[in-house]
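Below are two complexes that have subunit A in common, paired first with subunit B and then with subunit C.
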Partner chain A sequence: MKALDLRFRQQHVRVSENRDRALKVMHGRLVFFQVIACLGFAFMGLRATDLMVMQAEHTLFPAAEMLVHDEAMMEEQQADVVALTRRGDIVDRNGVILATSLKTDSLYVDPAEIIDKQKTAYELAKIFPEYTADELLEKLNLPRRFVWIKHGVTPKEQEAVLNIGEPALGYTQEDYRFYPQGALTSHLVGRINREAKGIMGLERGLDEYLASQKATEVSDGEAELRTTIDVRVQHILRREISNTIKEFQAKAGAGLVMDVDTGEILAAVSLPDFDPNNPPNPNAPEMFNRFSQGVYELGSSFKIFSTAAVLEFKKVGMGHRFDAREPITYGRFKIHDYHAEKRILTVPEVFMVSSNIGSAKMAEMVGTDNIKAFYRDLGLMDAPQFDLKEVSAPLVPNPWREINTLTTAYGHGIAISPLQLVRAAASIVNGGHLVTPRLVVTAPEDLEKTVRIVSEKTSRDMRALLRLAVTEGTGGASDVKGLLVGGKTGTAEKPSKDGRGYDRHRLLSSFLGVFPVDAPRYVVFIMVDEPKGQKHTFGYATGGWVGAPAVGRVIEAMAPMVGIKRRNTDDAHDIAAPLKRYVHFKEHDR
Partner chain B sequence: MSLQRVFVIFLLVMFGVSAVTLYQVSQAVQHKERVLAAKRREIAQLKEERRLLKAEWSYLNRPERLEKAANKLLDAKQISIENVTGDAAQVPEPDVPSHPPVARKRFDNVQDAAATEPAAGGDAE
Partner chain C sequence: MSLLPERTDQSLIGRWWWTVDHVLLLGILALMVVGIILVTAAGTAVALRINLPDMHFIIKHLIYLIPSVSLMFLVSLCSPRMVWRLGSLFFMGVIFALILVPFIGPEIKGAQRWISLPGFSLQPSEFAKPAFAVVAAWLLARWKEDPRFKGPQYVAALYTLTLFLFLIQPDFGMSFVLTVMLAAMIVVVGLSLRYVLALLPLGAVMVAGAYSFFPHVRSRIDRFLTPESGDNYQVDKSLEAFRSGGLFGKGPGQGDVKLEIPDSHADFIFSVGAEEFGLIFIFLVIGLYVFILMRALKNLRECENLFSIICVSGILAMFALQAMIHMGSSLGVLPAKGMTLPFLSYGGSSLLAMSLAMGVVLALTRREPKQSVAKKGLTAWRKGS
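Showing the complex of A and B:
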């Protein structure tokens, strides 16, 4: 009995132990899940506190915040893309903006979604007076889902469009090319088309350069192309050419200002010009670039080269004489002087009175081969390398006969662009180094200065001759007190409209000035197309009456801007003074 | 309490702490990203505005416009070569009251500091 009782007790204890163990495990698991649940609630509580308290200062609407955040990120990415693809700005040598790309809104419509087409067209026509309601209605009736209404909509116009309340109207941002200087630099800067491709001027000439961020100079994270243009000088040149055109009732005009050492072009004008923000038809006459694309027989300015050639190749002295008593007869051609002196002339006299006969004899003395080679070296026989693509090849006699050697000596029978003339003249007066015309600022160490065109002595002699042509010759009206101006007039008759010979009533009058002529810094050239003689010019419309005063005014206005100081210009300081002993003074026409 | 249980509890605590820390870091990063995005957007907007203002400045400062405005509003003539005396040092000082003493002193200090600053880029040896 006792043994039975003991066994029962042992079994009871075992069962009890097993139950306690199971209860303990169950209890442990319950606690574990309770902890997890508590942690979960604590997490949710913390998150709620975080959102409502800690982040409360940022936004009351976390979802909207996240949306804004995502949009911001997207906008930022888009901004990066725009910055990468945005066309570089074009600035002048002082950083003044000539062309820039701005983000503007463009208005489009989804014609399929439009509610009231007639009303919308009528309302839009009130906002955009450049369109009629019928034109707009035609756009709204197009069987497409996307039609442009207007590019570059102003904020005021946007507000007015919004007030129409038409949901089918929408906006998209586009890059708009803006030219703040307007017509002032139109032919230099040019313009782009709707596809952002350069179609004119620097925009065309350096299209890839401007479109590629890598190639352009980067300033403050933005790309820009620094040009050699100085808008102040550009304005002066444009103003004076424009005034001269008005004064002489001329058809057109052109001009250039070039740094003689670097070939940098500070200003280049072709009038009439246009506003690149609102360009005319591509075939309009104002779209023609007269300073680099147009080629002209520029007349006596060419004597700079024939005179330089005789000094360089034949080493003649200033006292060398050329017989200008009689016109030169060559076959059916007759070469005579405009300001006929009918006497024997020294080299300075030939240049000073602009004798065609003397210059032709100089070229004859140099010889055809030499003169052709010299013109070629000066870049007068081929199209120049330039940053603009609007350049033309010169019209050179082909075949070149002996008579051409004589006539080209005074700029007759060879047509070049003003750019070529200015470049060649700069290369002669700067000490004799060929310069390359450039519109983009180049580091001084990158400027090549290796090709010598004429000797230092010839360059010096030519500078003295240019000064003499101003102090005693045809270019007197260009002189500016306190500045040593040198220069050469040019008056050419234009080919007659019937193609037979030249029209003596249709002139191309020009003047090429150099200053300060003893140590030249700039060449200034102005050409006026078909000026008419005026009462105050005694009916004359030659280079001396038309171009020279205009160049003088440009030099006077630009000198203080480019830091050229007033000088003593009396005979003791005048480089032309030593030449006066070769000049036999008498009354002569201007 | 067995060592194993202590270890498990320790792991759970560590897990919890890590989770909270990670959460905080994640939140902080998101917040910073939002701030950064907003700043970048603001910078982009300001840059765009600056571009617009620069373009407008160039437009309003067109030489032709300035010349017309000067001719109309100022009793001044165009500068000629006669007016250029030489360099800026030759221009006499305007007869105006001197700067306030404090500002003047500060300016002098800047000049003195610049004058006494040793030349940069010299060889250490």
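Showing the complex of A and C:
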């Protein structure tokens, strides 16, 4: 240190000169520094003024303005409460409520604001015994600013919660969607999700309409959606399908009741179903809609279309004969008859005994192009327009080969939904005009009857054939005295699980009934999936044994409700009577 | 008055009291008070957002203030000679810590900048800046007094080392501040303006290099130059805060920006202040910074110690630059860079380092007795040693 000091002293004079010169420069540069710093900060100040005064959101007194703004917001919100009432109700054709919205309060918590978590959790657990204090404490400890405690709190519970005196607990008013009919109309009405968005059934299909009623509804009944459903008929149909499933230990079932003139659907059932107030997992089998979303090879009911086609296109007489002595061999396929007659059959006989060979020959006669066009006109080749979004496109052979013309004639090789079958059958028996399946009531003047499917004559002939199939053929069990039931059985073998051919023991048995057949009003269809033969049916599980009696019971029960009286009918007045001269053999085993 | 030391008191404290710049000290303390207000305003919201107790940041900030003020006071007691001696030792320590960071530092948000100590994390780069200012100023001052001394070469070497240690973290904000600080010192030292102009392209090359080699820098600058090209969430929210603040602000605690920007208690404290307290307050804050700068620079212009002038200039450049980058980021006139606002933002290392730096400023701007007592030139203040 001493040496260093000495050297410094020696250099003192020169250092001193250097220093003075340097100091002068430095002091000058410091002014430069000052100017730059001032400019920089002045710029920041200007920019802040620009943002906060020139571009200001409010006037110069945001605090005062916020008060005004808050009040305006509150008024607006109160106005909203009045206007924004609720999602529209869904009612049946007689005004019975199928879905309605109830205002309920839902309890939430802001965990960050809570004062005493332990105490609050303990007190809440006393009010809501379905939760333990531990579960609630876990919720109160979540690192969020908003946690639901419970939806749909009752006024009594609400009072108890208020008495805890915890400011972090709050309520929001929510619409609770309630379905008073429960499982009865589950697949038709559907349900909504937590965000009040329809996710199934009419709630989904007409979601926009139902949601838009919020604004217009002022508590009068104007905002309800009036559907074509009749809960009484719905109940009958569901009861009978359910009983049939039990009786035959079947897997599932579905059914529809349709007004043949308007296409209005009075009832539609898919079993198993679910309670929309307490829905299962969205992928549960109960959630699957079998009447419009499921497509099936429905079997002989398709003969209604192939027979109508041959009558319409080829103008064949009822006496026209089809050789059903030998099974048809087509390439590697062989077409058999289930109730083999092994003889030459007339048109009524083919229909009555449900001859696959005869129907295939009819379709062959009509020709592939004609039959395809006919099916297309009947809406069997495309997904139908429907108020529900749960519709599927049918499975149509592609490419369509000659063999498909033959097999589709008796309902194999083409899979359609029951809705499509019912609609097409209704369009044939109602005089021949195409109907659109409807779930919403439409004014009569808006119903179009412009698209003709078959002539009046063909329609009349088909009704006679349907009646014959009941009085003399496979559908006898469906007859109700005085109600003139016509109909066609369908017994389809389900495709094998291994994907090769069909399984003789897994059936899809169905019956399509029309009544009263001389002036048809309704089509009733019931389909049962995998029924098992019972002792009292002699081991049979065909459409005639399973579907026909069920449809008969539905018709018997619903007729008085829809105002159809039983008539005193005898064979002479039966529209099937004139066909009897073409029938040479009496069927024994239905 | 009995509490205050007598004029003739020759004790360390007594001399300090009569030589330190009271006005400057008051300005710094005022900034600290404003800092407490702002951290109180923003801290609760941020703490609740990340699920900490509501008073977490406020209490920690107050706790950090105790060592900070003490450190500032202790450093301001030092003589210039003590400053550069201690500063050099401190600089060595900091460089050592910086070398340790890549090996023991935890990675936070994609960078390694911290050393975790029990109950406390240190950011060595914050301390490296004032330490570098002290060492570089001393080297430059000696060179000015004796041109044979290779001061600039040493400075260049130390700068390169420090910059390298900053860049491997990586910490571009700090690198930028360090560079500008050195530039300010070089300018003040009296480098011919011709050379200063010649250095400008070098700076441009450095910025271009950072832009092309570091995708993170590129994204920040791109988003600043073309706002529509990317996510400017924080800046948008910040501008919203300014616009909604108006002249008088929404009132304490009424702001929204602190709920929306994650680190608003540190990187966007200026916006929180603007929204809740208004333009008047913003002017007050800017005024305080300008006041401190001008007061210290005025003192420097009366100061005749080369080392003091260079060193304080560097520290003041750092102080001003950090404030301006913070303000500019939140005002949307500079690329978004998370930089603390000296003394106002929450942040232990930043507060400690700033206090240390301002302690140096206070120490070096004390009125030196040699001017009035004994005109013995260079060695007058060394009499005591």
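The working rule: the second predicted complex is superposed on the first by the 453 of 590 C-alpha atoms of A that agree within 3 Å, B and C clash if a C-alpha of one lies under 4 Å from a C-alpha of the other, contacts with A are read in each partner's own complex, and residues count from 1 in each chain.
The rule is short, and it goes like this: a contact is a pair of C-beta atoms (placed from the backbone, for glycine too) under 8 Å apart; a residue touches a chain by one contact, two chains touch by 3 or more.
No experiment lies behind these values; they were computed from the predicted model shown.
Of the two partner chains placed by the overlay, neither subunit B nor subunit C lies in contact with A:577. In the superposition on chain A, A:559 makes contact with subunit B only, while subunit C stays out of contact range. In the superposed model, A:103 lies in contact with subunit B only, and not with subunit C. Of the two partner chains placed by superposition, only subunit B is touched by A:182; subunit C is not. Look at A:483: by the touch rule set out above, it reaches subunit B but stays clear of subunit C. When the shared chain is aligned, no partner comes close enough to touch A:125: not subunit B, not subunit C.
By the touch criterion stated above, A:30 is placed in contact with subunit C alone, subunit B being left untouched.
In the superposed pair of complexes, A:44 makes contact with subunit C only, with no contact to subunit B.
Contacts of A:114 after superposition on the shared chain: neither subunit B nor subunit C is touched. In the superposition on chain A, subunit A positions 43, 47, 55, 58 are in contact with subunit B in one complex as well as with subunit C in the other. The touching residues of subunit A, counted against subunit B in their complex, run 35, 39, 43, 46-47, 50, 54-55, 58, 65, 69, 72-73, 75-76, 79, 96-98, 100-103, 178, 180-182, 184, 221-222, 231-232, 234-235, 239, 480-483, 556-557, 559-560, 564-566.
Taken together, the subunit C residues at the contact with subunit A in this complex read 48, 51, 54, 144-147, 184, 187-190, 239-240, 242-251, 254, 274, 278-279, 282-283, 286, 289-290, 293-294, 297, 300-301, 304, 306, 309-310, 313, 316-317, 320, 323-324, 327-328, 331, 333, 377-379.
Of all residues in subunit A, those touching subunit C in their complex are 5, 8-9, 11-12, 14-16, 18-19, 22-23, 25-27, 29-34, 37-38, 40-41, 43-45, 47-49, 51-53, 55-63, 66, 112, 143, 145. By the touch criterion given at the top, residues 12, 16, 19-20, 23, 27, 31, 33-34, 37-38, 40-41, 44, 47-48, 51-52, 54-56, 58-59, 61-64, 67, 78-84, 86 of subunit B touch subunit A in their complex.
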